[in-house]
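What follows is a set of structures for review.
In the two assemblies presented below, chain A is common to both, partnered first by chain B and then by chain C.
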Partner chain A sequence: MKRLIVLYFRLISIQVRSQMQYRFSFWMEVLSTMLLNGSYFLALYLVLQQFETIAGWRLGEVAFLAGMVELSFALMDMFFSGFDPDAFSPFVWKGSFDQLLLRPLPITFQVLSSRFVLRRLGRIMEGLVIFIFALILTDVPWSALKIVYLFMVLISQVIVYGALFMVGSTLTFWTVKPIEAVNIVTYGGTEMMTYPMNIYPLWLRRFFTYILPFIFMNYYPALFFLGKADPLGFPVFAPFLAPFAALVVMFLSFKFWKFGLRHYQGTGS
Partner chain B sequence: MVKIFWRLVWVSLRQQTTYRAAMLAGLVTNLFFGVLRLALMQALYKDQGAVNGLDLGGAITYIGISQSLIAFLFIFGSNDFMKSVSSGEIATDLLKPVRLFTLWMARDLGRGLVNLFTRGVLFMVIFQFFYPLVWPVSVGQVLVFVFSLTISWLLSFAWRFLVNLAAFWTPDAIGVGRAAFALSQFFSGFILPLRLFPEWTQTIFNLTPFPSMVNTPIDIWIGLISGTEIWLAIGIQLIWLLLLVWLCQVTVRAGVRHLVIQGG
Partner chain C sequence: MTEIIQVCELTKTFRVLERQTGWSGAFRSFFHPRHKLVAAVKNVSFGLKPGELVGYLGPNGAGKSTTLKVLTGLLVPTSGQVLVDGQIPWKNRTTYVSKIGAVFGNRSTLWWDLPVMDSLEVLQAMYQVPTHRFKENLKRFNHLLELDEFINTPVRSLSLGQKMRADLCAALLHEPKLVFLDEPTIGLDVVAKQRIREFIRYINREQGTTILLTTHDLSDVEKLCERVMILDHGQLLYDGYLEELTNRFEGERKLNVLFSEEYADIQVEGAQLLQRDGRRAIYAFNWRILSSSELIRRILSEYKVDDLEVRRPDLEQTIRRIYEEELLLK
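Now for the complex of A and B:
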């Protein structure tokens, strides 16, 4: 285990160094990613000046939702880069996945350490800026326990998104090319979580409650932190389901990944 | 020349129609995000009348149309030209008896037209079953909309072509494109209708060609501008078009002189 951790940092540091080769172009990219991802929130910020609230949520409160999602999704996108279906699928169709299978190291470890996209820092910074903005605009009575739980929610989100990437990649064992529907769930799902979930049509909310428990990952914890009433009438423990939901989703995804590995046949290339 | 142009459009159109599954997937994605964007709009307009002349019905229609035009106007950008420079494919394109600008315009139009029907018209047909959309009230309005949208497409093509030309000078044109297309997305009124923004931001937007790419035709469709305002808006579109096409010509000439094809 210790050996693996050392190796992980070795492999990641190689990636980081190679990506930092062209410093100027690297920081330009970080900056443009920051602006690109931030432009949607900026647009909302400007437009909210004419509307005041989104279904009773003020700017700072929406920023709380958006900051959490941006931050955790970007973190996930950095650490789980190897499992990004768009990056993983070439392993399958080029046949280089077979090479990984021959190496004497756990396969999940190899995929995780195969790619580390440092320029995601841009989105991480963007998420941080929005979140700090939220903290300034809202006055949450923070306590040590709340801060601990905030980090737990953040990590839970990272785990859930990572699990989806894993499922998306596993599916390419059969489909070879990444599936668009997975993108709808990951990118669409995170887009949904950027806003108060009660604004969405019922069928959509049901899907993201019972099939994929996204509603418990960001919306309910935010209700708790911001001290807002629950308009949907869920049990009082709903804001605290995030870590459990994350573990269940990750467990199932990991099982599916293992199942896929057992049935992997290669493309013959 | 005209015959070659349409021939090229036809070839590109045939190419695009080959990927049926991708087209369907694209349509489904557009629909899904359309639902999300509309939910946000409805939430914003809750207990709120018209803002700057745009009421909920108009806003819903605005989001619907802008969403349906994503694939036709390539709102998120395109980078095929850049790729042809970095792969060296451009060498064979330069041998063809067609200008680079015309060649890529034909390719773009072929793909765009397929997208316009499979992801634009179809999108609106499906959407009108679920949302109360605003429709043009006269044949004249429809014709003006089509005319304005045609210029929008030309503008959008010229802008994307210009951005892609960066590949002549930098190996990192993808990064340049990412920033440039983020800018045009924001300023064009794709993300949210421009008239919902504060006045001072609208002044900035109007100094750029981007509102002419998305906001103008949609304003015409919804009936937010009428009479002489329409002709003024179309005049502005045309002026930007001339300017951008001219910039493309100058830049492409300088770029081809600068180009070194690597390997082969």
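Now for the complex of A and C:
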């Protein structure tokens, strides 16, 4: 285990070094990612200037939702770069994946350490700015426990989005090209989480509760942190389901990934 | 000696989508995809003894790579048994691959942006090669492959030949006793090919490494292997000594003669005059019926000759004949 951790940092640092080779263009990319993603929030900000609230959520509160999602998704996008379906599918058909299979290390470890897109820092910083902005506008009575739980929610979100990347990549074993439908869930789903979930129609809410438990990842924890009442009438423990939901989703995705690997070994295409 | 590779009745079939032509065909195959089973490898059996260097020959699509993918554990066969060094390749992947070496000619295992040396060091950590062994091996390989000239160059700036040398070194640093090489000389110039061949010969002869080599460059085989296996359409057409193969198939030899003067009639009994151009003539003869020495004696007894040369058909022709006529022999 210790060996793998050391190796992980070594492999990641290879990625980081080669991406930093052209420093200027690197920072330009970080900056443009930051501004591009920031512009989406800017639009939301302007809308809220007009309407003051969305379903009873004020600017600071929506910024809380958006900041959490942006921050955790960007972190995931960096740490799970290897599982990004758009990068994973050419990785497979170009045969690089076979090269990983020829090395004596767990394959999941190798995929995770095969790619690390540092310029996602731009979006991480953007998420951080929005989140700090939210903290300024809202007055949450923070306690040590709440801060610990906040980090747990953040990590849970990273894990859930990572699980989606994993599913998307696994599917490319069958389809060769990444499936757009998966991207809709990954990118569309996370986009939806930047808004309070009670604005959505029932069927969509059900989908994001029972099929993909996104509602527990961001909306419910936010209700808890911001001290808002639950308009949907879920049990009182709903805000604390995030870590469990994350583990279940990751467990199932991992099983699916393993299943996909077996299929790949059968067809090798 | 027991065999290090045992392959018994190996079959691998793939389900491939049958393409239908035209727009209506594309439409139909979208809603009712029709699949057909294609056997990439059919009932292939062979064995390799420790220390052997065997050439695995076949045209593109013959099933060479499929066989190699099964042997390296990348593919699970449809049926048949494979045992490599007492292990089933596709079970316990990590333990298995730590004992073998593999180079797939058109891809590299090295890190694109990293200097060769750094790549090798990362692989050292991955394969847990003790530092003194690593240094020793590197020194030896460096000597043979002349890595020094580019060891600090990033892989992306290497030439094809340099990349192959670096990859060979990378595949052998953990001292595997069994190595699979898929087209190791593909796309290389003569000098680079020569160096790679010398290295392959070294690790086989001096280190006793068992090597299975696929190629469609016959000079690789002629220069390196005593034994060849020929595969076509997924079936093993020949498995045996290279010499036996040439003996068996090159019944016909050629004799080039340069006569001292232009004779009117140069027909010789038992040989067929293929070509005649002034003083030069080429005869074809079956050496099983008429030996080279007998033919030469007959010519010399009647004519004055300046020069003689007996030519065996090259391996390429022989192999082409085997493919074309599917001369199955075991």
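One rule holds for everything that comes next: the second predicted complex is superposed on the first by the 264 of 269 C-alpha atoms of A that agree within 3 Å, B and C clash if a C-alpha of one lies under 4 Å from a C-alpha of the other, contacts with A are read in each partner's own complex, and residues count from 1 in each chain.
In the analysis below, a contact is a pair of C-beta atoms (placed from the backbone, for glycine too) under 8 Å apart; a residue touches a chain by one contact, two chains touch by 3 or more.
Worth saying up front: this structure is predicted, and the values here are computed from it rather than measured.
K.L.:
Would chain B and chain C fit next to each other on chain A once aligned, or clash?
P.N.:
fit
K.L.:
Between chain B (first) and chain C (second), which, if any, makes contact with A:D98: first, second, both or neither?
P.N.:
Touch status of A:D98: second partner only.
K.L.:
Counting only touches as set out at the top, which of chain B and chain C does A:L7 meet: first, second, both, neither?
P.N.:
second
K.L.:
More chain A residues touched by chain B or by chain C?
P.N.:
B
K.L.:
Looking at the overlay, what does A:Q265 touch: chain B (first), chain C (second), both, or neither?
P.N.:
In the superposition, A:Q265 contacts chain C only.
K.L.:
For A:L42, using the defined touch cut-off, is the partner it touches chain B, chain C, both, or neither? Pick first, second, both or neither.
P.N.:
Touch status of A:L42: first partner only.
K.L.:
Examine A:T33 and indicate which partner it touches, taking first as chain B and second as chain C; both and neither are also allowed.
P.N.:
The first partner, chain B, only.
K.L.:
Treating the CA centre of chain A as the corner point, state the angle out to chain B and chain C, nearest 10°.
P.N.:
The C-alpha centres give an angle of about 90 degrees at chain A.
K.L.:
For A:Q21, is the partner it touches chain B (first), chain C (second), both, or none of the two (neither)?
P.N.:
After superposition on chain A, A:Q21 lies in contact with chain C alone.
K.L.:
For A:Y195, using the defined touch cut-off, is the partner it touches chain B, chain C, both, or neither? Pick first, second, both or neither.
P.N.:
Touch status of A:Y195: first partner only.
K.L.:
Kindly classify A:L204 by the partners it touches after superposition: chain B alone (first), chain C alone (second), both, or neither?
P.N.:
In the superposition, A:L204 touches chain B alone.
K.L.:
Looking at the superposed set of three chains, what is the minimum CA distance between chain B and chain C in Å?
P.N.:
9
K.L.:
Would you tell me the residues on chain A in contact with chain B in one complex that are also in contact with chain C in the other?
P.N.:
In chain A, nothing is touched by chain B and also by chain C.
K.L.:
For chain C, which residues count as touching chain A in their complex?
P.N.:
Going through chain C, the ones touching chain A are 14-15, 66, 69, 72-76, 90, 93-95, 97-98, 102, 104, 106-109, 111-114, 118, 122-123, 125-128.
K.L.:
Where on chain A is chain B touching in the complex?
P.N.:
So the residues of chain A in touch with chain B come to 22, 25, 28-29, 32-33, 35-36, 39-40, 42-44, 46-47, 49-51, 54-55, 180-181, 183-184, 188, 191-192, 195-196, 199-201, 204.
K.L.:
Considering only the defined contacts, which chain A positions touch chain C in the complex?
P.N.:
3, 6-7, 10-11, 14, 17-18, 21, 94-96, 98-99, 101-107, 265-269
K.L.:
Which part of chain B faces chain A closely enough to touch in the complex?
P.N.:
Residue list for chain B touching chain A: 22, 25-26, 28-29, 32-33, 35-36, 39-40, 42-46, 48, 51-52, 172, 175, 178-179, 182, 185-186, 191-192, 196-198, 201.
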